[in-house]
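Several structures are given next for inspection.
Heads up, the next two complexes both have chain A, just with different partners, chain B and then chain C.
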Partner chain A sequence: MKASGFPYVLPMLLLSVAFFATPLAVLVGFSFAGPGGATLEHYARFFGDAFNFRVLVNTARLGLETVIGTTLLGVPIALLYWHGGRNLRQILIFLTLIPMLTSNVVRTFAWIVILGRQGPISEALVGLGLTGMPTSLLFTELGLVMAMCQIDLPLIILPLIAILSRTPVQLTEAAQVSGAGPWRIFVTVLLPLMLPGLLAGWILVFASTSSSFVTQAVIGGARNVYVPQLIYREVGTLFDWPLASAIAVVLLLSTGCLLVALTMMSRHRRLFGHA
Partner chain B sequence: MPDRRENPIPVMLYKAFVYGFGGLCVIYLVAPIVIALTMSFTSGQTLKYPPQGFSLRWYAALLDPVRSATEHIAAWNSLKIAGLAVLGSLIFAVPATIGMTRMKLSAAGTIEPLLLAPLVLPSLVYGLAALIVANFIGFKPSLWLTVAGHVVVFGPLMYRAASVVAQGLNPSLAEASTTMGASWFMTLRRVTLPLLMPGILAGAFLVFIQSLDNVSVSLFLADARTTVLPLRMFALIEESLDVRVAAISGILIAVTLVGLLVARRVLAPPRQA
Partner chain C sequence: MNEMKDFQITRRGFGFLAAGVAASAMLPFAARAAGSGAVAATFPGSWEDAYRTVLTPMVKDAGYDLTIAPAMAQDQLAKIMASPGNPPYDTLLMSPGQMAVAIEKDLIQKIDPSKLKNWGMLDPSFQGEYGPTVTIEVNGIAYNPDLVPKPKGYRDLFENPAYSGKVSWTGFASNTAVMAYTEIAKIFGSGPNDMDAVFKLFKDHPEHLKGVVDSTNHQMTLFQQGEIAVFMCSTGNVAHLKSLGLNAEFVHPETGSPAAPVNIHLTKGSANLDAAYAYMDAAISKAAQDQLKEPPTEMFPTNKDVALTPGIEAYVTRDQIKTMVYPDWVAINKNRDDWIRQFDALVAG
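Then we have the complex of A and B:
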């Protein structure tokens, strides 16, 4: 068939424009909607309220902490993959996919069990004599970050593994023969190699953390409020749709800026870094 | 050969770091799944871990048609929505995948970000946007609206999975088929689609799993009557910490595990030479 492929693409393109791009445009428009034309009132209301602003800062901080946590946990797993044989590599891929494909609510539930007063962490702390009484990490930011790190970990492992599986082992062998120790190889060869994967992972982790409604609501509890709950509250109970739209646009813009910044960083590296 | 003497201590430390700390990180990754699964067999009334004894009582409570009627309805709704979302993404994404391989690279490069955009956008924002528009047009939240939302948000997964396979295909295979006198439909049915099948199956699996688990779109687009399973679980967790949630989790983990084992070959990243 020599015919152009465009007619095949058209339905999905129309779907994307009509049911995705249009609603987003309407949402943005809605956030400026006032009785007498466009207004910044809803944004002023959002940023004028110290509570809302703190929620935004909390959400960004949660995203950042989770990015750091998943990096600290993900890089060692990637190294394990790098040094492992074929079987270990397959097992690692499998063990990464299981949690990733398991329902978010299930993973959140698991963390309720782990962090709760009767959970293994509390039991261990009491058993070691570190705390006299059973303690709960539920409804704390520490507990939430611990949970988010595990929930988002596959998002950073998979890009790293994808890069490493395409990298020939001879690369570190060459460095080794030239006399570099393992730590030096890690810092000067493997880590730069992983950087594009880390950038990709950071985007995914940050986006996922800042919009993980259920985990935030359940593990964070009522005292730690993040942007998604704020949006839902404005829609569901206060029926303030314009304000909800404005908050959604702020969330969108902050995630979008990060996305663009990180993408530009990775382009920059590709152009000026290694060939 | 390097004549520099290798200091054994950093090497040992590095090995300890990779295999020791790396191993601990893997445990951190997997342990919660194991904990949720074992929790579902507790004989106790609470979420005490380790569980006090082994029993199937929470599974029995979950299967009890009277006690768990709401959960059954929610599960059935979720299965319907996920099935329809897979069907919808097949209808839209598979033709798009085939079409893209036949387009000029520059044109395809312009269109592709548009098709993939829903994957990067926080779906909670999309849920709100879709609700606002639906409300304008006069649609009330419903099962069908939820399905439409899921197709928009997860269809790109199908597209991406299938296009990974499509990019690896040799275009001359389809050409050969048409040159030999096969109609375009014959070529599609006997050559193109069978070759794309691993990608399509992987896509269907991903769309199904994601739809089954989605909260942020269903939250806005599903009505009170079409409660979906993840939202029902969310409610159970918030209201009462009902141990039946553990049994639901157990079933979902088992389903994921079986699905993954079946799909392992399909989902495995392409082996590089």
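Then we have the complex of A and C:
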């Protein structure tokens, strides 16, 4: 069966080699390039500078914070979709997809208005008496996480909806009849069901956030430096491509490790029961 | 659903379709290789709009196609370096800082002035062997008179509390910023390259570090939103803000205004030389510069036959151009990498 199917996957395999594996190999090759042959010098330079290591940690933290934020927002929306009628479902799908049709750059610049001193958040804080004077959340990590959560929210909602759409709503009623409370139903029934969708969403959100150059640069400002900005600086300003390649490989490996860990989690039987 | 099921395609039909898609994907390359047009890298924003509107029809009249491709000077260099021998642009637009790098890395070539009809219309100082100067960017300080008083110069921004938390800076990758920093180094340090004095100044005034952003374009947006009241700029930036109806003013620093010529360069390996020369010639022609000197771009004309507008003369006259501060880009380029890394680390805390 496998042998007969091979010719059909061949074009995709060739495309993958040509447009994914080869550029990746070039990138890795660049990261070891030195005047006298292969060298680890660029990796040593990257890890030798405490500033770079801090940038790497900042990037991972930003990804994790966004994953937490999108999960807290996305799960209730997905559950609302699951329990909702046809009209509510259409509205929720519409509201989820519409932002994705708008350019990331436009959405990012809209956040400048929202997070600025004269924006709705600042006005609400002043109006509620929480701050005495207008406050700007621009160039802060909190502001950046808020923007990233909005931008990446569809990436977690859509996999959750895909999972929940295949699950009968009566499942919660059955659990209720069996005596389970809402919290128990959520933890023992819904969460294991949603976990494959959550894992897919977490991978997408983490990868998207940690590589979101425009939003990081515009909302985070120059004080919050993340790995994509570091790569851009090395390529576009300092023209140090081997170091840029080494940084890119480090980012790729960090994200890859998380991906592998999450994939292994998704195969863990105890997490998903016997579903 | 039934319609989907009814849709069938034969293997031959699929083959033709795939071939068609592949052929259409090749079209840009085919057009690029035809040699009938030039791809000109231009700064994004108002430059891109102006050059596309004014120069594309003029080059078309000369018998060539012109594609205006927006890219910052550093990005232009990075892209050219990425494809040596097959440059993505036929011409580049950059200041002397990047030009020095391009010459050092053998990315641009000397031009043949005999191919430019308007060459004689340029002052000799604008007739570079690596391409003509199309305008001079005069730099200074932009401020919002509604929010802050008129600054006297760079010293004022650090010493007058009226500017505290209202000034925005960019990193050393920006030409505008690096010119301002060399002036600040002269004021607070021993000379234009004494950046330790500048770094110390920022350490002593951490409120200035909060307003550091990535680019002047980003600062324009923040100025528009009232988030910042002062930033280092060119006269063109202020002209653009004014054209948007904003209350923005330009001030020459008391220590002098840094200036940078902007030149068009011919990339090494350009396959469309005739079209590139036609574009260069159009950019220095009276017809083009008469339009480019008008708002919102208000570019300083380098063509002798083009009279200055009252708006441009309010910023700078032809005589003043000679008295502007022209930084030593060779010295800047020598130290720039180190300054960029040090400043980025300082800003990030």
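Rule of thumb we're sticking to: the second predicted complex is superposed on the first by the 254 of 275 C-alpha atoms of A that agree within 3 Å, B and C clash if a C-alpha of one lies under 4 Å from a C-alpha of the other, contacts with A are read in each partner's own complex, and residues count from 1 in each chain.
Methods note: a residue touches a chain if its C-beta (ideal position, glycine included) is under 8 Å from a C-beta of that chain, and two chains touch if they have at least 3 such contacts.
Treat the numbers as computed from the prediction; the structure is a model and nothing was measured.
Partners chain B and chain C clash in the overlay (superposition on chain A). When both complexes are overlaid on chain A, the residue A:F51 reaches chain C alone and has no touch with chain B.
Once the two complexes are laid over each other on the shared chain, residue contacts for A:F239 go to chain C alone; chain B is not touched. When the two structures are aligned on the shared chain, A:G63 is found in touch with neither chain B nor chain C. Within the superposed three-chain model, A:V225 lies in touch with chain C and out of touch with chain B [touch as defined at top]. Of the two partner chains, neither chain B nor chain C is touched by A:P196.
In the superposition on chain A, A:P159 contacts neither chain B nor chain C. After overlaying the two complexes on the shared chain, residue contacts for A:G143 are found with neither chain B nor chain C.
By the document's definition of touching, of the two partners only chain B reaches A:F6; chain C does not. Of the two partners chain B and chain C, more chain A residues are in touch with B. With the shared chain A as the reference for superposition, chain C clashes with chain B in the stretch 185-193, and the other listed options (113-121, 185-193, 203-211 or 257-265) are free of clashes. Residue overlap on chain A between its contacts with chain B in one complex and with chain C in the other: 109, 112-113, 116, 118, 217-218, 235. Those residues of chain A lying in contact with chain B across their complex are 1, 3-13, 15-17, 19-24, 26-27, 30, 73-74, 76-77, 79-80, 83, 90, 92-99, 101-114, 116, 118-120, 123, 149-150, 153-154, 157, 161-162, 165-166, 177-179, 181-183, 186, 203, 207, 210-211, 213-214, 217-218, 228, 231-232, 235, 241, 244-245, 248, 251-252, 255, 259.
Residues of chain A that touch chain C in their complex: 51, 54-55, 109, 112-113, 116-118, 136, 138-139, 217-218, 221-225, 229, 233, 235-240. Those residues of chain B whose C-beta lies close enough to touch chain A in the complex are 1-2, 4, 6-7, 10-11, 13-15, 17-19, 21-23, 25-26, 28-33, 35-36, 39, 46-50, 91-93, 95-96, 98-103, 107, 111, 114-115, 117-118, 120-126, 128-133, 136, 148, 151-152, 155, 159, 174, 178, 184, 187, 209, 212-213, 215-216, 219-220, 230, 233-234, 237-238, 241, 245-246, 248-249, 252-253, 256-257, 259-260, 264, 267-269, 272. In the complex of the two chains, the chain C residues touching chain A come out as 72, 74-75, 77-78, 81, 101, 170-171, 173, 209-214, 218, 221-222, 225-227, 337, 340-341, 344-345, 347-349.
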